[in-house]
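Both complexes below contain chain A, partnered by chain B and then by chain C.
Entry: the complex of A and B
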């Protein structure tokens, strides 16, 4: 009897080494919410097994669906990394949506109205415009926060609506596709600018490579560079960082500028990799998804890759489920919400901590 | 053209637009003054809109529908406060989660209860009534201006005045301000900060609940998925534009109503070169500008004090 107990605690110790409390609680939250999700499917669906098969198995069935997972994961990863930058520095950037749109729009404008350049230079200018657009747009909130101490949450929320309305207004009139199409969008971009698949054998859009590279680069910046250390120090304890002589305003500007740049880049990748044209409100609520990815990954840019791929998979599955059964794809959002409610409270981590403590105390006695 | 803009029927559209925003901005204000940033109003209103039309269709009573909407909205506000207080979760993240939850769960319930993924149109609804004051009937301008508005509009005006009095005259209002300015100091003089937190969230939930019920059973008789469409965030703008004061919020929501009405009017005009979205944008731009102004004033005040 005694042996099994010590055996179990040994397994527990190994598990503890691999997963820390946070990771364990995240995994628990994911599994728990998936179970609830399946339960709900059984409640509303006449053909639950078909729905569950569509949700979990079919995304891996065809290469088209697998490539779909990656293209859905690309903006999730990029925006998750963007959110992690500001979260790590202790700020809330609720404006990823606006920065994403501004970046996408700036990139589209550069693609359409800059002409007569060699293709490689044109492509570089498109990405540059997107990055600069997102960055400058985020810096509005950053500058206001740094020098006037305005609430960055409110300002970024307002900027989202300003961006959406401004672009919608421009698209409805002056910048609309002149060929006379009824859709509210720009003309289609030149084929040579678009992101292609990696190769014929791997029909996955190159966007995912950009996302992975950005995630790795931001990881190294945040965790392996002096400047990144300063950012995180401010996020952990701002007063301590200030006494330590860190220029707080500079960290605000860096975190907002970087987050906006990544969000803007993500917009361009989405346009060039998926749509090929800017149409009005083409990715609503994607900014919020980015926040969730970051929360799920504990603000770690490398783990964001995993959470992004996981939700890309879930979203693809939900879409297949919508095609095959009567259940709408908003179902993925429901699972997302349950996860975030579980994680945002420290309930789970606290629960695991307490359990472990209880166990240790028992063993001592 | 100007005749069209300033006619009396346009004015009543304006009041209809501003009513829910005024209510939820007032709710947001209570939390804001107590030092918590609540952005869950979007979700509260959506839940309330759904619950009130469902109960209304079942019972054919607008009062029960309104109460059900308020109850469900208060419930989620309490849940929000509980997560913030008990589990130290960040209020913005919880608010964000509640908004997502409201969107997903109402769509799910639409499907589970009514077998539709887009909208729910009950056969009969007992709509929230409009109010006609008999003694104004004979006054020519005031009759058109003030009569025939929803009960909820008048309720919102009364609640604005009540909120103003609460903050100016009552101990409860003072306690909220004290907790908002310095929670520790307030606690040290014996103010129960947890009670303030929960009570402000309940007030926010109740006000948003009324706004949500107005959406589905007052202004319309239909529930559409995501029908709040960002109004919770607009009320955050309105609250900030009004500098967190009831009377300021009243004027800010009037301004929102005016810009919304104007943009609706512009859409109907032929040969209009300014896109309606630019006019719809005005409250947001003004909010950012006013935040800057308030911040500058605050800085100057601090400098003068030191």
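Entry: the complex of A and C
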């Protein structure tokens, strides 16, 4: 009897070590929100069991659906990693949406209008254009923040509207597909530029590999490099970082530049891996999803992979549910919202508390 | 023997998070005595008094006031039972007058109008009776700290307190103000009032109290008559062991000047002239202490010397090189160690790991690189070395800084700033709010560095600290260095008090610079 008790407490201790408090609260929020979600399904649906089966089981039924999970997870992971970079550095980049679109658009332009190059070089230029586009677009907010102390939340939010609407304007005018299609989009991109599946045996788009590589690289940058150390130090305690002689403005530029580059890359991956053309507003609200992935993962780029895959799964399930029942796929967004309300109530409170303290301290000195 | 006004028996306080603040405390106070309650930070003094005053509820045990068992739900109940408390942070409304503050919550009314006249008369009488010199018509924000404290005492008396608890009342006072306070306390007990004095300054205990109770780790170690004990005994009981004698100071002669400040003027946001024409120099192997009441320009002076604030005019030299208005980053590359005033916001990043805090100054070196990444081996070796050498008590460098006690956090700050043997050490309030053992340790480390030839600039509002460490002392008042004196036998705390209160100033002579 006594032995089992000590065993249990030992297991508990190990569990506690592996999942710190925050992680436990995240798991709790996920499970709890799924329970609430299922309850809602029973209330609103005539065929609740079929809905629940569609949501949770069917995503694993066919290889097509499994592949779908990964393609839905790809931008979530990339944008989650992008958001983690700024969060870890103590800033708030609400502009991933705009940077994503600008990156996707720059990549598309490079794909269409750069010609006469060997394919491998052309592909490289497409990605480079996307990365540069996202980075420069994010740096607008970074530079304003660093040198004029503008509030980056407001600036990045406004930049989203500029990007979305400017591109929409271009798409409905000069850049519209010349073939005469009624859709507001560019022409289809050359087949040779697109991202293919990993192999015939594994029909998953290669985009996920890019996402995993970026997550790993950013993890090493943030947690194992000197520059990442400085970024995190500024995020944890700005005054201490200043005291240590760290150039705060440089960390602002690095965090916005890097976050924008990843968001831009994500846009290109989405175009080349999923759509094959830029059609207007092809992934609305994906920037916000990225913030949420990062929040769920406690701003850790490696854990973002898990939260991204989980939501890729939920979104796939919700889509199947929409096909099979009367419940729309926005249901995934609903569950997402419940989870976020449960978690953010605590985590965001702590985050803003620290931000406010940092600000007060900055004013004092 | 007089009867006990307060009797706390077997009192326990366990906080919801499992912290045991008080374990089985028996504490009694006799009518008409000054009873000192001493102990280190975290020994449980404040918790005990909060329970007595109704701010916290005991987990177990009984509290009797005037022989009757009480269960206070709030301070209001405690006040009704004749208790009063003067908190460390004053609880006064700055824009109200003294009369309005003292009467707050207990206003006398004539119809619907406050009867300020009668209130004032009553207060005047109490103030005169106990030698509390206060201009009752002035507003709180106009008053110096010492007077604000008198207002708090007046308030407890006005509310009918017979037993007054004072929480660290002298922490913010100069020696002169402290003496005035003690005189008022003696007058109070002479008229039958009872005083409980919470403090960690042993000297004061001996000079003013009748009895003393020592707390350690949430338990009463001993209660004794003050006249039967000594300062040494009290400090030994407080810390739990004998303090080792301070390290001997090495004698130097004709050492080179390491650090010089000439005609420095600094302004802060609120006013020009936060620092006015300050000049001093420090030689190798010398501790230069700056004494002063908080807020007399010390913070601005240090901010300017460390690159946090711009210098208006004047020059700063380090090892003969002009370093005026250099950036923080450039100053960091010089051999200067800087222990900042506030370890929680500037001296340490509490949410980062201990290791990440310790490598702050050295990480940029090549020896910490492994390709594009940090050399984790060098990183852990360095931080473990500091944890060992500076006796920082922790289980691992990977734990957050926040997991350690204040004393150990400060030791980590000191370790980081002193381990590279800097030629100049700027130490601001290096032992504020840390336990006696850590104070002793940090003081010894500073003297060790001095003996090894470092120049030390020490800023402290604790006169005992200034006197214990300094070779020479500069007195700061209202942004000016009003005197620089050698720290020898002839110098007393009282004399320093006169300078830092602005009551006396030295004729300007050449050895000031």
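FYI, the second predicted complex is superposed on the first by the 335 of 365 C-alpha atoms of A that agree within 3 Å, B and C clash if a C-alpha of one lies under 4 Å from a C-alpha of the other, contacts with A are read in each partner's own complex, and residues count from 1 in each chain.
To be clear about the criterion, a contact is a pair of C-beta atoms (placed from the backbone, for glycine too) under 8 Å apart; a residue touches a chain by one contact, two chains touch by 3 or more.
A quick note: this is a predicted structure, and the numbers were derived from the prediction, not measured.
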Contacts of A:246 with chain B and chain C, given as first, second, both or neither: second
Chain B versus chain C as contact partner of A:116, first or second or both or neither: neither
First (chain B), second (chain C), both or neither touched by A:330: first
Which superposed partner A:178 touches (first chain B, second chain C, both, neither): neither
Touching partner for A:169 - first (chain B), second (chain C), both, neither: first
Which of chain B and chain C A:341 touches, first, second, both or neither: first
Of chain C and chain B, partner touching more chain A residues: B
Chain B and chain C footprints on chain A, overlapping residues: none
Of chain A, residues touching chain C in the complex: 220, 224-226, 229, 232-233, 236-237, 239-247, 354, 357, 361, 365
Chain C residues touching chain A - in the complex, by the definition given at the top: 303, 308-309, 327-333, 338, 340, 345-352, 356, 360-361, 363-364, 368-369, 372-374, 376
Chain A-touching residues of chain B, taken from the complex the two chains share: 37, 39, 83, 87-90, 92-94, 96-97, 100-101, 103-105, 107-108, 111-112, 117, 230, 233-234, 236-237, 240, 273, 275-278, 280-281, 284-285, 287-288, 291-292, 295-296, 299
Chain B partner contacts - residues on chain A that touch it in the complex: 40, 43-44, 92, 94, 144, 148-151, 153-155, 157-159, 161-162, 165-166, 168-170, 172-173, 288, 291-292, 295, 326-328, 330-331, 333-334, 336-338, 340-341, 344-347, 350
